[in-house]
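Both complexes shown next keep subunit A, but they swap its partner, so subunit B is in the first and subunit C is in the second.
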Partner chain A sequence: MSIDTAPTVSATALDATSGAATRRDILHRLLMTLGPILAALVIAGCILLAVGVDPLAYYGYVLEKGLFSPLGIQQTLTRMAPLLFLAAGLIVAFRAGMWNLGGDGQFLLGAVTAAASAPVFVQLMPAWLALICSFLIAAVVAMIWSLVPALLRAYQGVNEIITTLMMTFLGTSLANVLVKLVFRDPGTTVPQTRTLPVEDRLPRLFDTTITSGLLLGLAAIIIVHLVMTRTAFGLKLRIVGANPRAAVHAGLGVPGLTIAVFAISAGLAGLAGAVDIIGVQGNVRADWNPAYGLAVIPAVFLARMNGFAAIGFVFLLSVLSIGGESAARRLGVPNHFTLVLVSIVLIVLALAEYIDHRYNQSRKA
Partner chain B sequence: MTGLFSEVFLSALLFGAVTAALPLLLAGLGEQMSEKAGVLNIGIEGMMLAGAYLGFVGAFYSGSLWLGFLTGAAGGVAVALIMALLCVRIGLNQIVIGIALTLGLEGLTALLHHFQFSRSYPRLPAADATVIPLLSDIPVIGPAFFKHHLIVYLAVALVFGMGYLYRRTQLGLNLQAAGDKPAALDVAGIDVIKTRTIAVLTTGALAGLGGAYLANVGAGLFIPFITNGAGFLGIVLAMLARGRPVWVLFGALLFGVCLSLTTAMQVAGINIPTDVIQMLPFLAVMIMLVLFGRRASLPAALGIPYERGAR
Partner chain C sequence: MSSLSSSSVAARDIVALEGVTKRFPGIVANDSIDLSIRPGEVHVLLGENGAGKSTLIGMLSGLLQPDEGRILVDGKPTPITSPRHALALGIGTVFQHMMLVPALTVAENLLLGGPWWQRPRTGELEARVAEITRSLGITVKLHAKVSELSLGEQQQVEILRAMVRNSRLLILDESTSMLTPKGIDELGALMRRLVEQGLAIVFITHKLKEAAAFGDRISVLKLGRKVGEIPPERFRALGEQAIISEIVELMFGKQKDDPEAVERPIRTVRAEAAPLLQVADLAVAPTDNAPGLSSISFDIRPGEILGIAGIDGNGQKQLAEALAGQRAATGGSVRLEGVAIEALSVGERRRRGLRYLTDDRLGEGTVGTFPVSINFFLKQVGAAPFWRNGFEQRAEIDKRAAQLVREYDVRTPSLKTPVARLSGGNIQKVLLARELAEGAKVVIFNKPTYGLDLANTLASRQRIRDTAARGLAVLLISTDLEELLSICDRIAVIANGALVGTVENVDDARTKVGRLMIGLAA
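On to the complex of A and B.
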């Protein structure tokens, strides 16, 4: 069986080895990414004009806050930490052909678990050990949350899109119930969990406000990328993704692998929640749901499930969301415009990839 | 407990259940058609929001609820047109485009609402009910099921219309084939792209109508993110219904009862956080999936764009 032809196997610019070709590939990739983004900005700008906002001022603020101001870029890099973990989890699932659309529920439960456990652990043990324990327990809770969809898919063949969506609705409500009833900080009037003191949170990098969670996130996504592309385990998962029936005939234990995929994917989503809480927020407020998962899913697709490309897209998402929040505040536009911008960027990028693909095909023919 | 289960309370509960179920029913029926034809329509949440916003705008400025339903359906179709163009005609990834459309419409409708209505939050007057004679005189059931807006009865009739369409008509069989074996449909001389486009546009119309009902009759106003996952519930209903419209109706009613129960318990002053009650419908579905999930089947070509001659 030839695995090399499986559609999920990556053949990206960054994996290539020869010098000159690589440079041209990277240039091409860059062009194919920046061009569509520019086009998307123009389209979104027309919407801004229509509602009477100066698009140039808006984008100026987005770039200033999201990319060029020292404080802004630090916030952008900090925002990347949870997104990278989420993207890493999705890469595992999507490469193995499983649609884990339940990232938001897993994320929130991981976040609540970390928020509830970290303040307790820091009183019992050294801070570094406490944080590690919180991370682990957050990952485990998220894994358990994915067990029902995993078992249903593995042994009953139930479509995981429905089950993970259901579990994400359930998880969001459960996270709220936990915050309001179980882990509520008695010292505050607004329902929220106990706040982890700043000195006990993940250390910041050097003299900046960037969380060291960024490094953890980068490590997670690179490890996931290497495991999926360079190891026997990753190959097995990709075979399951490319053709589950062939995988059965090749003697792979598909049910076991399915459960492993869900566990890894959900575990990473749980870690995303933990890194956001332990690194940045410090507590979970009731009804807090940043819904990162929904924006990361298309980004991972556009990155063709390549870890390195996903880092780029996550960076782009972070710039847009941090910059967009600031621009919206300054210009009196509701922050919802960021959603519109992200959506147009995603669609135009998908469209550009299609045009590029067609162009390459016609050149070959 | 006597207060909770009094006759008036019970019929109000059921009335609310029907009102809450209708958008889900329309979304589920729409999604079902897309899925039958092989398109996983994750953009349905965006279509509902477009329908809710434009439906409200139409009804608010014209003063006619029916015109509102029309503009709502048109809004859904407009979004579906983008989906059909990108995912059916040129075959882009349905999940990427679907999620992107949902995100975009969430943002766009919230943005437009901010500039138009966020100062005044206008409301529509309560919708006129069509009272069905005799049946509406039955205690409890009468006021609950037979005093709704005319469109509710039409939607229920549509369930049976859909059943007829899928079983007895050429178009119904074409839709089924477009999802199960598109290549065979193509060989039979039927345009797969056109068949799927019809399905996606119909989904848009139904989802838009559902959104418009939600805003105009259910709530009487438009607020950002008003659909609150109703489109995703529609996807779930369609998948659970295994291609049978009647099951979408039952599923929608089940969700409707749970949603209505949430409001009712708050009114009755029962001290359970709404989050717990909100979990009920999803819990019910998960239990159903655990018990009966094995038999859920989806069209073979679901989510795969059709390209003639491709392997």
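On to the complex of A and C.
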């Protein structure tokens, strides 16, 4: 008797209490994220003090330029567009347990193809169709670039961390070669691709300088999040990521899914390149490599591969990089101090996670 | 035999276990075990997988601590706190898997573990090794790289390492499992010389012939309990065949007051019914660490339970995986309801009604971090009504999952609980619910009660009987002979990837299967 009823009772009872539990969970998570970020800001401030820079002035400039000045916030939001696409691509890959670290190569090849194709297409067809075609070509080229690591991982079990990193070096070089030799604009002395006229680029939002690519980026990352959490396809990818042997046991076609993951991840990285070119830059200069691909990785990790949280962290990253550039110029701090700051945040977060884990363990014991 | 003189002289135990018990969540791995280990004796520990041999070794070598009972070293109760402490006490262990660094030379391996602030004392070592090898009559190439040595030579190096560290007690864990027959004979001779020098040896094996050939004293473990011991006096009095049959009796004989002993209800399988599963000449290529399969053939009729008995690691897992489609077969045919399925994928075979309940519940059966509810449907991802147009129907999933939780009595705090947080028995219930749900025709159970407590073991066995009673064909792979005898209609014995015989489960099946398992004709 009691055996029959016990599970039902406990199941419903726990569902009732789980609401409170998740709220406490979210609070705990928020504390565990914001606390370490504050601690990291203090540590970074100490480093700034040590090199003779007033940390308050530095943070003040960062916030002023990156967040509070009208021009700065517009730049920040514009910068988010490619970063969101990259983050979306990384979420797919990381959730499926595949470490696509080749984002930069895929990004640049996407950017170069978009830059090369868009000015040609706009002369052949209506602008909206031309832009769509450029986007598609950029995505396809980036996908092709990921094919080698994908096939090696799917059929030979070769570690994709190594292969994607190697392909990213080749990819950045190839992008350069393409700009200098193949798609070079004969009308300029500096090596760069032909420039897409401003009126043919992605429209700006309202009366601001914010690119509408931001909306595309937001849409991409939200769609990716929903696909990963709500659909059968997303669940299959998550099974492969969480326990590849269970995926084989459950009869999933792991090699096919692996290739799909790489294609989607690289395709989104290619779109990131395209949105930056078609929306903002208008052309690709030789040796241009903003290295967004690597910069986004910490943000995705901090967000624990959650799409909505990733939007927040990408915003933070944009503020830091736009504000950091300006603060660096004014205070004589190296531009790369932004990266130092981000890495301190990551290390402190990891430490906090470890301490929290130990604390939970000891409380259980 | 010199062991006769030495054992009578040094009758005192080097190491003794008194009532040692070790529990793991859900399992009693060792249940109040007494053991005395004496100098000049090869003490054979015999038992099947899961009998508790490894746990016992873990406690002797300082890796594990007993929950109850005590370990005496030289007559004094001594907790062995760490592997380093065990070495200091003179207990050296040669583990089943080689623990040498392949890229280093033999000498370098022997010097590992010395104080880090000292230069390695190569000269001292060479003198010491020369002395030991001369007395044992073996040769060891000190400057050869370990990766260039054969497995037998590597084992000699491991034994030598224990000797260099002045071990008085040498534990050999399944040391013959990777050796050639010649290597096994050499190891036997080496053990004999070592005990002649006054060493004590604990030799773990599940091969009866080795136990009878190399031992002075035999202790038999079964499901964590010590079920019998043959002391040296009796050992010498009996012939090899007599010893083997006594051990078979100890290992496979019926225990008194065994709570698992249930009379098998007599069921009649309709002999005229067409077989649901027909396997003919199934073959699988061997891999580096697993045996292959060769010409496996059997039929299972509806309502019939065919058992596969055998010592673990003789191709049971390969058989299950080949049938389920997870492992490529190199030949043969598998027919489900008369239709060939050997070329179909895992998913397609499942859709046609072939179900595989894996023994590796957390490794491949479930995704530990996913909620219980999703784990019920891991093999149906995308299928209606739980997914529509590719979108998850949370309500449908939760409704059906709650139903399964009730039906299979899964004790879980909630449907959202990560499945890895459940006990082994409840994880098994999740798997049972998943595999036995609608559409099943043939079910392969691989070690379905391995590691479960008694209540869950009995519940799982009842599920298997019920499954067959519903008219399904059941293949039950188990290393627990008791289990097979209490459930199966027929029992086939697997050894080295081939079926060596099939026995109807009547009167003397126990003895027949036992004899087949150790390589004798039924």
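The working rule: the second predicted complex is superposed on the first by the 320 of 365 C-alpha atoms of A that agree within 3 Å, B and C clash if a C-alpha of one lies under 4 Å from a C-alpha of the other, contacts with A are read in each partner's own complex, and residues count from 1 in each chain.
Convention: a residue touches a chain if its C-beta (ideal position, glycine included) is under 8 Å from a C-beta of that chain, and two chains touch if they have at least 3 such contacts.
Keep in mind the model is a prediction, meaning the values are calculated, not measured.
**Q** Tell me which touches more residues of subunit A here: subunit C or subunit B.
**A** Touching more of subunit A: B.
**Q** Considering only touches as defined above, state whether A:N283 meets subunit B (first), subunit C (second), both or neither.
**A** Neither: A:N283 stays clear of subunit B and subunit C.
**Q** Quick one: classify A:T113 as touching subunit B (first), subunit C (second), both or neither.
**A** It touches nothing on subunit B or subunit C.
**Q** Where does A:S134 make contact in the superposed view: on subunit B (first), on subunit C (second), on both, or on neither?
**A** neither
**Q** First (subunit B), second (subunit C), both or neither: which does A:N100 touch?
**A** Neither partner.
**Q** First (subunit B), second (subunit C), both or neither: which does A:I344 touch?
**A** Only subunit B; A:I344 stays clear of subunit C.
**Q** Based on the superposed arrangement, let me know which partner A:T78 touches: subunit B (first), subunit C (second), both, or neither?
**A** A:T78: touches no partner chain.
**Q** Contacts for A:S173 in the overlay, against subunit B (first) and subunit C (second): which applies, first, second, both or neither?
**A** first
**Q** Going by the contact rule set out above, which residues of subunit A touch subunit B in the complex?
**A** 47, 51-52, 99, 148, 152, 156-159, 161-163, 165-167, 169-170, 173-174, 176-177, 180-181, 294-295, 297-298, 301-302, 333-334, 336-344, 346-347, 350-351, 354
**Q** Spell out the part of subunit C that touches subunit A in their complex, as residue ranges.
**A** So the residues of subunit C in touch with subunit A come to 325-326, 345-350, 356, 358, 360, 363-370, 374, 378-379, 381-382, 387, 390-392, 402, 405-406, 409-416.
**Q** Mind pulling up the subunit A residues that touch subunit C in the complex?
**A** So the residues of subunit A touching subunit C come out as 3-4, 6-8, 10-11, 14-15, 18, 230-233, 235-236, 238-239, 242-243, 245-246, 248-253.
**Q** Tell me, which parts of subunit B touch subunit A in their complex?
**A** Touch residues, subunit B against subunit A: 40, 86, 90-93, 95-97, 99-108, 110-112, 114-115, 224, 229, 232, 235-236, 239-240, 273, 275-276, 278-279, 282-283, 285-286, 289-290, 293-294, 296, 298.
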